[in-house]
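For reference, chains read A, B, C and D in written order, and residue numbers begin at 1 within each chain.
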Amino acid sequence: MPKKIRLGILGGGGDSLIGILHRVASQINDNYEIVGAVFNPDHEQSIAFAKEIDIPTNRIYKDFDTLIEEELKLPEDERIQVCSVQTPNFLHFPMAKKLLDNGFHVICEKPMTMNYEEAKILEEAHQKSGKVFALTHTYTGYPMVRQMREMIKAGALGKIHKVDARYYQGWINTIIHDKEKRSSVWRLDPTKAGISSCMGDIGVHAFNLVEFTTGLKIKSLLCDFNYLYEDNQMDVDGTVLVRMDDHVKGVIRSSQVATGEENGLAIAIYGEKGAFRWEQEKPNFLYKMSDTEPLQVYKPGHAYNSELSLSGTKLPPGHPEGIFDSMANIYLGAAKAIRGEKYNDGEFPTMKDGVRGMNFIESTVASHKKGNVWIDLD
Amino acid sequence: MPKKIRLGILGGGGDSLIGILHRVASQINDNYEIVGAVFNPDHEQSIAFAKEIDIPTNRIYKDFDTLIEEELKLPEDERIQVCSVQTPNFLHFPMAKKLLDNGFHVICEKPMTMNYEEAKILEEAHQKSGKVFALTHTYTGYPMVRQMREMIKAGALGKIHKVDARYYQGWINTIIHDKEKRSSVWRLDPTKAGISSCMGDIGVHAFNLVEFTTGLKIKSLLCDFNYLYEDNQMDVDGTVLVRMDDHVKGVIRSSQVATGEENGLAIAIYGEKGAFRWEQEKPNFLYKMSDTEPLQVYKPGHAYNSELSLSGTKLPPGHPEGIFDSMANIYLGAAKAIRGEKYNDGEFPTMKDGVRGMNFIESTVASHKKGNVWIDLD
Amino acid sequence: MPKKIRLGILGGGGDSLIGILHRVASQINDNYEIVGAVFNPDHEQSIAFAKEIDIPTNRIYKDFDTLIEEELKLPEDERIQVCSVQTPNFLHFPMAKKLLDNGFHVICEKPMTMNYEEAKILEEAHQKSGKVFALTHTYTGYPMVRQMREMIKAGALGKIHKVDARYYQGWINTIIHDKEKRSSVWRLDPTKAGISSCMGDIGVHAFNLVEFTTGLKIKSLLCDFNYLYEDNQMDVDGTVLVRMDDHVKGVIRSSQVATGEENGLAIAIYGEKGAFRWEQEKPNFLYKMSDTEPLQVYKPGHAYNSELSLSGTKLPPGHPEGIFDSMANIYLGAAKAIRGEKYNDGEFPTMKDGVRGMNFIESTVASHKKGNVWIDLD
Amino acid sequence: MPKKIRLGILGGGGDSLIGILHRVASQINDNYEIVGAVFNPDHEQSIAFAKEIDIPTNRIYKDFDTLIEEELKLPEDERIQVCSVQTPNFLHFPMAKKLLDNGFHVICEKPMTMNYEEAKILEEAHQKSGKVFALTHTYTGYPMVRQMREMIKAGALGKIHKVDARYYQGWINTIIHDKEKRSSVWRLDPTKAGISSCMGDIGVHAFNLVEFTTGLKIKSLLCDFNYLYEDNQMDVDGTVLVRMDDHVKGVIRSSQVATGEENGLAIAIYGEKGAFRWEQEKPNFLYKMSDTEPLQVYKPGHAYNSELSLSGTKLPPGHPEGIFDSMANIYLGAAKAIRGEKYNDGEFPTMKDGVRGMNFIESTVASHKKGNVWIDLD
């Protein structure tokens, strides 16, 4: 019976979406406990946030270097074991490197570094360290993505000959079409955001999914970006032709100006014997296609899935994982009531609902037993 | 900045799905801390489970009555504030009642009681207690269910004249068609499972959803059950005609023998000016229909949603809440690696993936800048 | 090599949708030729319509009785062989009966008669006549409906234990909520429209589909109608509980006030070994469900389909039958141009499109052959 | 009241799918009458086919040149007005040219010619002729494709900045992976099939749809083909980067080895104010996307559609055009019965179904009127 892993957090304070995502994820399997953090460059805000989420403030450090220094003074069985790096992109590399160099495991947000050069340096540091380094390409955690990988590995598609992946979003439309906005936002400033906007932020997820699911490597590529305006220096859209093997080809499409698209990550993999299609926005449906057989739809949690896929499923078939969140919303409503805060009466079901429910159930039984007659509810 | 609410757990130990669901949900918004529990009637197993999920064992009590007794001895600001009741159905009523009578808030799994009589007794106890009682009709926590409720309240459908809800599952097929199984399983034994199987377990969710979203009350009903076999005494399927008002009618359908259905909870509400359709298995899509306008599809997280709906959304549009779980799977894989346990190399992305990603991004930039030429990856 | 069958038409003139549907359908397989008709009670309009669709006017009769009389004078190998009855409902029975009594085959629109009494009389007339009588329950012609029937007959679902069918429309909303309209329209006048509006017009299609696909008979039923207003005498909505066999039950739902629904005919059939779901608005997708296997989606035209299903498919898989109509729209545009009538330049592709297409194809070849370089189109 | 247009057919005999498609399409709007043809290079087979579909054989000519010669001898008001060219690809150009040169209108299957050179020659002949030339890019006939075009023209998307179209099929997998088959089939022989397989056959449809719906011209392109095997000389897959304007870009993808895809023609068009998505396999659903508003789904036949779209709709909303074919299947079954041929008893509904239906309807009325009680059917 293992103790929880002692987790440190870098960044992710306040309303940070990525912060919530990592915090919830670290708790879901009862494996991690947050013991230290630098949530925010402002130490006071960092402390305040720790209080808000009610974790001890004694190991909320004033900055990253202090965290390293102080934690190293602690005995090994109290010390942070792994740090989760959720800071702005340019800090990923220096933090991850220093963590590895000082013997910490690392869970790191994407992009891992600002460029390929740094990536190779980090790789070397990682090899020397002997520590675990996990990069949160989150989409590889979906049960049906894992099922694709395992079935392909087991030969379900035969030799693969074509891949087609995309990640389409539309949100940058609200910025790009306004000359002032597009010239002032840090996202489109190469000195702050790095060498690529669209490909670096989302295209790389599609790339990762292609290699993760097929087990093949992309060997060469040809790319065309779109900047939309002369005065914009960052790609907001791009298409990449890829070659994976002498005669295996594919295309990776990525856009931040695909109006109305939200998180349109999707992949199709075609092989001699069959094909797969999967879409992130409906993650529980994996389509297996064939030229001669009926289309099959795989869903999580079923015994027909692979071990890797099932290891990522906690719920019986037919319950989308959103049910965790739906239940959490009810707990949230109850928390407001318990604390005497204001809440909407739709935020959690109450005694009234329980009484109504029993009235309903008994009435159905009575109606049936009396020969299908009308019964009034109270 | 509030302290976390002190939560006690009754039941939900081991691999209990309902236990995982409540535990995750209670943590998602950083509002609750588990401080005490009776996870299991066997005290040793209860202690073992507490260690497994690494919570302090000093307040893991040998039974429910001891929990009440001991907690009452603690000063109020240390005492469990709310208990989550996740035990077998027949214990919901006595536990919830004793908790309320002793001044604890209650979060209670469904069904609230074994019958209507108990429900009314509990209602009285609740009124006397002045405490919060939350019943986990989980589906009311979905952002799009809440959106339906708010839009209907605001008049989006005009006067409602027809409702149609169903909850179809197929899992009891694996039991019901085998004479031996159906006569021995506790689920189909009325002395253990109560007065109703299908209607009590799932039909009541459809009923609850109808009243929750429409704000209308069902006044009378006519029901026909199906037992499938002469020797089976519990309903495994049923259809309920309902009347909500002089001229408002509807139907609630419920089945545990709807072969191949998983958690087919769905609702359609028709009004003078428009209609809604929603399905639990694709919870992020709410369909608004009209006789004269294009069909509209509402999705969570958008500014066009109501406050109640948005209060239940932590992610930007297009990320299904399954992303929490997907990320959790990656944290789980990393935990295995950190602990030196065996893991599948698909369980989390590593340094290799980070290096590949940077190689990809730089190559796309190079290809574009050189005039859309082929670039080899390393 | 058969001659075309000589077809007479009763009703269906002008813009009658049912007229177009029957006319197109009779031509699709090159089996029928329209040789005579009474398109309209007004003889002049009947003649005018015959000219409009360019069929000979010499056998456009002034009324139904004249048609019978005159056709009987013709030698048998010139005489109308079969009449298609597309008149208002109350004429179906007398026309069909007289046709059969006089030795004509009959293709008859639904409802067959105004009541059960007439139906039994017609049945007797039919038996005496030895002629073919086809009732156009159109939905039984869909390839995937036929596939369901054949697979069920072959045992694909095992013993069936539950059926659920519906036909939901919303169009009567535009009438029913206006007191004046609902009291004046013939559709809601029982003296003109017969004993039932919703169940007679559409519910019966759902009923027919249940019996057609399962091969089982409904033995008894319990029904609840909704009239919505006190002063309305015709059902505009209804739910029917059905019993097909001791322990086989189901539900048939039908509505004309299901706001926003168009032709929402759907059926689900659940059996011991599997289940089917099918929806008329997406007729080319047949879902086969199982408790343990991946969902399967059957589509028309594949070799895996039954003979009966394939006999109704003229196109390769993936072409919805709407392609006939799409092509027809292009022929229509060309007809306007040929006749020198006004047309929208989107109505048919022209030489310009052909030239552009060849320019495109040659450019793709050139780009590829030259090493994936940019090629300008003319 | 116009006479039907006199139509000649070249090719399309026997079981030719394209023949059936054109024949049905030409009849759907009652505008054309087939008066002459060369269905087949073998004159006897041509005659036999004419008899099979029961059209007069006196103008079934022995070859194309004879058809021209003989028709020109007829008075103009009897002469074929328009010829539909459905022959193998290499004949399209010479036939179309000779037809135009001799004063006939032409409806021509795609590809229009074997290469761009021929296309320009034909264009000149067309201009001289003053005749109508319609190229059957069938997909432009779909009501929702037309609706896209009209709404884009009216500014619904604002300035367009990105297009993404694809046509994916998988059928050539059954040939390409077998060395013998791929070296012998005419489709993959450039001397017989022309310069391109995949792009020429289907990619060009995607190209056409892009220009048809957006009203923009593609100015340059960069293309990469895939041949899959060294010994194969024809493209079976290809991706095309396109530039439509300085800053408007897009991608056209086309494949015949996209395993399991049937007729996967789809298009997405993204503009400043909104976007459209449409898929050929579900042609009645047009998705209009926005970054800030709920997704809208447009369907045919509604009054909110444009005139061009409505001109291509003959049915009320909710009836897929497959209903024509479904009805045709019933007429086909009846034809077999009328002719005394063998038929499956599922091929058309009969008197029995009519009697059952009336029994059902009357029983529902009786059940309701008696207070929702059980009624037995006969």
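Miscellaneous remarks
Criterion: a contact is a pair of C-beta atoms (placed from the backbone, for glycine too) under 8 Å apart; a residue touches a chain by one contact, two chains touch by 3 or more.
Given the structure is predicted, the values throughout are model-derived calculations rather than measurements.
Traced through touching neighbours, the fewest hops from chain A to chain C number 1. With respect to chain B, maximal separation of chain centres occurs for D (centres as means of Cα atoms).
Interface comparison, C-D versus B-C: the higher number of contacting C-beta pairs is recorded for C-D.
If you average the Cα atoms of chain B and of chain C, the two centres end up 43 Å apart.
Note on chain placement: the centre of chain B and the centre of chain D lie 48 Å apart, centres being C-alpha means. Chain C and chain D have Cα centroids separated by 22 Å.
Residue positions 222, 224, 241, 261, 288, 295, 299, 372, 374 of chain C are each in touch with at least two other chains. Residues 157, 161-162, 164, 170-171, 173-174, 177, 222, 224, 226-230, 237, 239, 241, 247, 249, 251, 253, 255, 257-261, 268, 270-275, 288-291, 295, 372, 374 of chain D are the ones touching chain A in the complex.
Interface of chain A with chain C (complex): residues 222, 241, 288, 292-299, 302-304, 372.
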